[in-house]
Structure formats: structure tokens, C-alpha cells
Amino acid sequence: MTQEKFIEFILKLSAIVTILTTIGILYVLLSESISFFKEVSIIEFLTNKEWTPLFVKKNFGILPLVTGTLLTTFIAVSVALPVGITIAIYLSEYANKKFKKITKPLLEILAAVPTVVYGFFALAVVTPFLQSFIPNLSGFNSLSAGIVMGIMIIPYVSSLSEDALSAVPKSLRNASYGMGATRLQTSFRVMVPAASSGIIVSVILAFSRAIGETMIVAIAAGQQPRLTVDPTVPISTITAYIVQVAKGDVPHNSLEYKTIFAAGISLFILTFLLNNISFYIRKKFREQYD
Amino acid sequence: MKTKIEAKNIDVFYGDFQALRNINMQFEENAVTALIGPSGCGKSTYLRLFNRMNDYIDSFNMNGEIVIDGKNIYEKNVLVDELRKGIGMVFQKPNPFPKSIFENVSYGLKIQGIKDKDFLNRRVRKALEQSALWDEVKNDLDKSALALSGGQQQRLCIARTLAVEPKILLMDEPTSALDPIATAKVEELIHQLKEKYTIIIVTHNMQQASRISDFTAFFYMGDLIEYDKTDTIFTKPKNERTQNYITGRFG
Amino acid sequence: MTNSTKNRIKDRIFNFIGIFATLIGIIILGFFIGSILYDGLTRIDWDFLNSLPSRKAEKAGILTAWSGSLWIVIFTFLVVVPLGIAAGIYLEEYGDKSKLSSLLEVNISNLAGVPSVIYGLLGLEIFVRLMNLGSSILAGSFTLALLVLPIIIVATREALKAVPPSIRAASYGLGATKWQTVWYQILPAAGGGILTGVILAISRAVGETAPLIVIGALAYVPFTPSSPMDEFTVLPIQIFNWISRPQHEFTINAAAAIIILLIITFIMNGIAVYFRNKWQKKINW
């Protein structure tokens, strides 16, 4: 083999590590969950309303974890979405260069802060603060976890949406201004609709990011699986449950151990679907402007 | 006179589009051959055939042979990088590496594995002298090449190709980005270089072609219309289209 | 009021809303950092940085935590940087239009969206158990390396893409091979962009908690690691552990450790932004 071919081979091998990673993830999740589902029926897993694998009386219904996950996610997205899109519109249609130059790296900081720090923030600052308005707010709850998670994902929404807005052809914007529209009218009647698929992508990715977030909920939401949509009470999420079990001393090959892989595969499927929907939309969206 | 390069029955395609049609041509050794013709007629495509730079274009496809020193360079066993070491190319826009002047000129030698400092110094100096740049940069060899003016950059790019002492020089509109003074310097340089090199130059400038070349080939929409001594082409062209083009009636 | 003045007023109002939205997250974060500084700053001293963990909050320090983080970062770096840059080069410079290339691309975008706990599960089964590394620094580093691999690959590709094609043409024209062109010209020209990606990836690895908990990194490690096969804890896990304690003294410890973690994160991100700006100026030749 010549040197050139050898180098190419090494490079290729490095790239293939990413495929092996995926295969590894699928193998690990599938093999452990298959052996989990040999002991627990899928029907029970999907329909039982309680999740108590660590108790004496064991229940294996994933629903409480899924609702907990979706509850924190919805709270997070309802914070991040309006703020993030407003930022995107402001930065792409209103702000001057200097303001952009200063604020963009600052916004990135929001995404760079380690999540364990946000968890502390939610638990030690936001919950006590909210308790002064909502007296019956529990010390652990999905509300503050969700709000803080929302702050964290603001930059995901804003930067992807801004990219989408700036990909809209200039001619469209100029046409609107030419007709005497204000910036606000141009933004909301022309730019946002034209960039809508890109904005939708940013929202889906924000969902996906929030669903996979772990430490904020593990710290601030309570680690108590509960089938509820009440944001004031302790709950758990899929991710928080995995951390909770891994932290303890569960013997491997026990059923408890396998539950984290069953939970893991549910999480993987959720995020995988969302990510691929967003890829699909993005691909269509690219074709639209090419 | 000796034939250095021969193009035999060349067809070039980009996908379905045929960019060159049945070209047959012989290039004299140690002469300057100018390729002229209206934009899009295939000059650059043709030029890039001689050092196989078209190989990187996905849709590129060709028939025919390019024979250099009696050997078809499109044969399977040809080592493309070895081939290119003997054929220098100067591009339309100056494209120095974002490195020092010295590193730019010595790069071709470095990739041939030459490490001898003295040798490199000598070659760099010689190449810069040949390209008439030495006096301007001799004290700044460690300065970034990007700090040079456009004309200096182009002469640096010429020096870069000369440093490896190729036998053939391919130039694609080398002066189109330069001002008249820098252009004059490059033309002067080409004139000196032809003693040692076989030079093929693409140009849109009729005066330039008539000033510097020994032979001229006129292309039109992928066809070679006329190929002859430069004098003949510019004084009594046989083809009416050539006549129209060189007198500026179209193109 | 005419319609057009109404519209102009609306426009002005949105201008304020926009500034407010842009700054609100940053202001909240700033307020939070202020309160953490207030809680934790006085707790930071030489002893805090150099003490082993302890059941008594006043005596506990972050020595094992930061040294564990350092080990993890070094080994993650050693694994992921060559791997990520090599993979990025392959995809951008060598990858053709083959099935493999498009598979690799789709796969990498998917990996970038996989939640970090899932990487923890992967590490737990493959590195900790199958490869028998235990809950060691090596197992942790491998896990984090796979987690941040897509970041480095994507950054490398972006940086390579930004290098003008004329540089490639010049190098090939002189008879350079593909690898010579990549090694001598393209990589140095793309260096700033790649460096930015590497720093961001490492900064991410420093802050990761969940995957390391999942692979069994311990909350309580009474010694500093002395080999890559040792068990370990890291700063974020130490913080998590202290947050989980009800006593106020531990909360103060957590705040103090968070200050250290944030300093590291901000410095790394600051350096990354600096290199990116510098490189973006340079690449516009």
C-alpha cells in the first residue's frame, strides 16, 4: 500500500468510528431492552400508569416518565420559543452590527454554562423565588426546572431561526419596504413566513434538546415519577430516572439495571424521530431556495 | 524544431455538455503558444488538460490523448503528482499560500522531499530573480505573501512554479488581474523564459498574444478554428471568424 | 391617530421588546452568577482547592474533583482531537459521492442530537463492562470523546470548507499529492477554525455530568487519581453531590465549586471566540 493510500485508510477508519458509535448505541440499547422485555411485557410498559421499579411492589409503566419529560419540555419550549424567535427577528431585522457583535457571543454563553449549574440555579434560586408567588409550589417541581431549561435553550432557537431569516432572499425584504411596510410588518408578514420552515426546524431541535436534558431535572424536579401535568409537584423524567438508578448501587443484570436501558431506548426513539423530522424539513427548505 | 506536446482527437465533456470537439494540435518545444477565443470557448478547459487539473471536476469526461515527450499522460499508470512536478501552472488570479514568501517559493521543492537549506536558499533566490521579484522582496522573505501587491503576488506565483524547474509552463490569463506596469514585467519575463520552457498561455488580450507568442490558436465554441504562426494569424488569417475576432468585431 | 403613526409606534415598541428579549436571558444569568458569587466566593481559598472530600462541609475541598476533571480532559483530548480532525478531513477532502459518504453524514448529524445520557449507557456497557475498564478515567474519557466527536468533526469540516479552492489548485499544480496539500496547506489555513471547535468540544466535556454518572463515576473519591485506570470524580459530579445535600454548608460548597467551574468554562469559551474572530479575519484573503 502506498503512503497516500495508507493515510486515506486511516482517515476513513476515523470517520467509521462514528458509525461504530451508532451501532454501539443501538446494540447496547436493544440488547438490554430485549432482555428487559422478556420479563416485562411491552403492554405493561406502555400502559401501566406507575413506574416504581425500585420499590418492593414493582410497576413498569413508562408513562409517568414520558409525561414528566414532556411536561418539562413544554415549559422549556414555551419559554425559549417566544424569546428565541423575538431575538432572531430583532437581530436580523432591527439590530445594528455592533449590538449583534456584542450580544451573539453573550447569548452563546447561555448554551455553554454546564447544566449542573443550571440545576443549582433552578433549585436554589428560581424555586424559592417562584414560591413567593405560588405558595403551594413544592421544593422540587417541573416549573422551575422547565423555565431554567428554557433559558438554556434560548440560543438554540435564536441562532437557528436567525440563520433561517438571513437565508431569505434580500429582494423579498426590499419589495416589502418598497411598498411602504414598516420593519415590524416586514418582519412578521414577509420574513417570518418566508423563513417558517427554518424556524420550525429550530423549534423541533429545541424540543429534542429539552427532552434529552438531564441534570436540570435530576436536580430540581424531584426524581419522583408521577403521572401528572401539574407543574408545581415533584416529577421525574426519563433522563433523571437513568441518572438516579446509575447513581445508586444497582447490581447489573438485575431487572432494575435493565430498566435504564428500556428508558434509554424510549428516549433515543423520541429524539431520533424529532431530529430526523427536522433534517427532512431542512432538506426540503434548502431545495426551496436553491 | 521539436514537438513537445501533442493533443490527439480531444473531446471534453462536462456532463452532457461538450466543451471541446476533436482537437488536434502540436506544440513546439521552447516556444510560446497563445490560446485565444471568446469567453467560454474552452481555453481554460483545454489548458487544464495538460496537467490533468480537470481530474478534480466531477462531471469531467474526455476522449483522446495528450502526448508529452512521446507518452500519453492519460494512461492508467501515470502518477499525476509526478507529472505535475514537471509542468508549472500559473492561474488567472494570484493565489499565494497564506504563508511567508520563502515558504511559497520553496513549497514545490519541499514536497519533493528536499531539505538542504543551502540548496533551497539558492533555488528560491534564483526563482525570484527569474521572476524579477528578488530586488523587491529580498529583505522580506519571511513576510507573509499576502502582504504583497497583486502584481507582486502574481510574480511570486510564477517564481513558485519556476523553483521546481519544470519543462512546461501553463498560464491562464496570468496578467488579467494586473495593472499595465505589472503586466509589462510579466510579459518581459515570459519572453526570457521561453528559451528554457515550453509555454502555453491563455489570453484575452490580442496585443499581448501578438507581442509574446510564437504560435497562436484560435478557439470558438469548443472547436479549434485556426492554428498557425502568430504572425500569420494576425496578418493574414485564413478563416473569417479568426479575422473577425482579432480585429475585435466580436468576442 | 393615523394608521401609519400607529404602525410606527408599534415598530418602536417592538424595538424595545427585541432588546429586552435579547438581554433577558443574559441578565437572569448575570443575576444568578452574582448570587452564586455572593454565596460562594468567600468559601474559596487555598484549602478548598487542595482538600480531599469530607463528610464535614467546612473541611471538604475539590482536590479530587478538579484533578479528576483534569485527567478526564487530557485523555478525552488525546482521543478525540486526532480522531475528530481525521474524520473531518476524510469527509471534506476524501469523501466522494459514495453511499458511505452520505451514510457518514446522516449518521453524524444524528449522533450530534443523541442525548448525553445515552452516551453514558453506551460507555457503561461497552467501556466499563465489555472492555473491562471499570469506572475508570479511561472509560470516562472514551465516553466523553464519543460524545464530543461530532462537534470536532463538524467544526473541522466547516474550517476546511472555508479554505479557498485556489489554494488547493496551487498546491496540486506544483505536483503535491492530496495528503501533502491537506497537511501543508489546507490544515494550517484552517487551523484557527479547527482550534475553535476543539476548545468548544473540550469545554463541553469539562461541564458534562450525566454520562459520567451513568458510567459509574463516584461522588465520593477520597484520593487523587494516579493512573488512567483509577476511579475518579469530576467537578460537576462533586457539585451535583453537594447540591443534593440538604445542609446549607454544602450549598455554599456547591456555589464555590460552581464558581471554579464557570471560570474554566468562560475562559475556554472566551478563547474560542477570540480565535474564531481572528481566524475569520485571516481567512478572507
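So that you can tell them apart, the chains are marked A, B and C in the order they are listed, and the count of residues begins at 1 in each.
The rule is short, and it goes like this: contacts are C-beta pairs under 8 Å (C-beta built on N, C-alpha and C of every residue); 3 or more make two chains touch, one makes a residue touch a chain.
The structure presented is a predicted model; accordingly, all values stated were derived computationally and were not measured.
Among the chains present, the centre nearest to the common Cα mean is that of C. Ranked by separation of Cα centres from chain C, the top chain is B. For chain pairs A-C and B-C, the one joined by more C-beta pairs in contact is A-C. A straight line joining the Cα centres of chain A and chain B is 55 Å long.
We define each chain's centre as the mean of its Cα atoms; on that basis chain A and chain C are separated by 17 Å. Rounded to whole angstrom, the centroid-to-centroid distance between chain B and chain C, based on C-alpha atoms, equals 48 Å. The set of chain C residues touching two or more other chains comprises 177. On the side of chain C, the complex with chain B involves touching residues 97, 164, 166-167, 169-177, 180, 184-185, 188-189, 282, 285. If you check the complex, the residues on chain C that touch chain A are 7-8, 10-11, 14-15, 17-19, 21-26, 28-29, 32, 35-36, 82-84, 86-87, 89-91, 94-95, 103-104, 106-111, 113-122, 124-126, 129, 146, 149-150, 153, 177-179, 200, 203-204, 206-210, 213-216, 219, 236, 239-240, 243-244, 251, 254-255, 258, 261-262, 265-266, 269, 273. In the complex of the two chains, the chain B residues touching chain C come out as 51, 53, 56, 58, 81-86, 88-89, 91, 93, 95-99, 107-108, 110-112, 146, 157, 160-161, 164. Across the interface of their complex, chain C is touched by residues 3-4, 7-8, 10-12, 14-19, 21-22, 24-25, 28-29, 32, 82-83, 86-87, 89-91, 94-95, 99, 103, 105-110, 112-117, 119-121, 123-125, 151, 154-155, 182-185, 187, 205, 208, 211-215, 218-219, 239, 242-243, 246-247, 252, 260-261, 264, 267-268, 271-272, 274-276, 279 of chain A.
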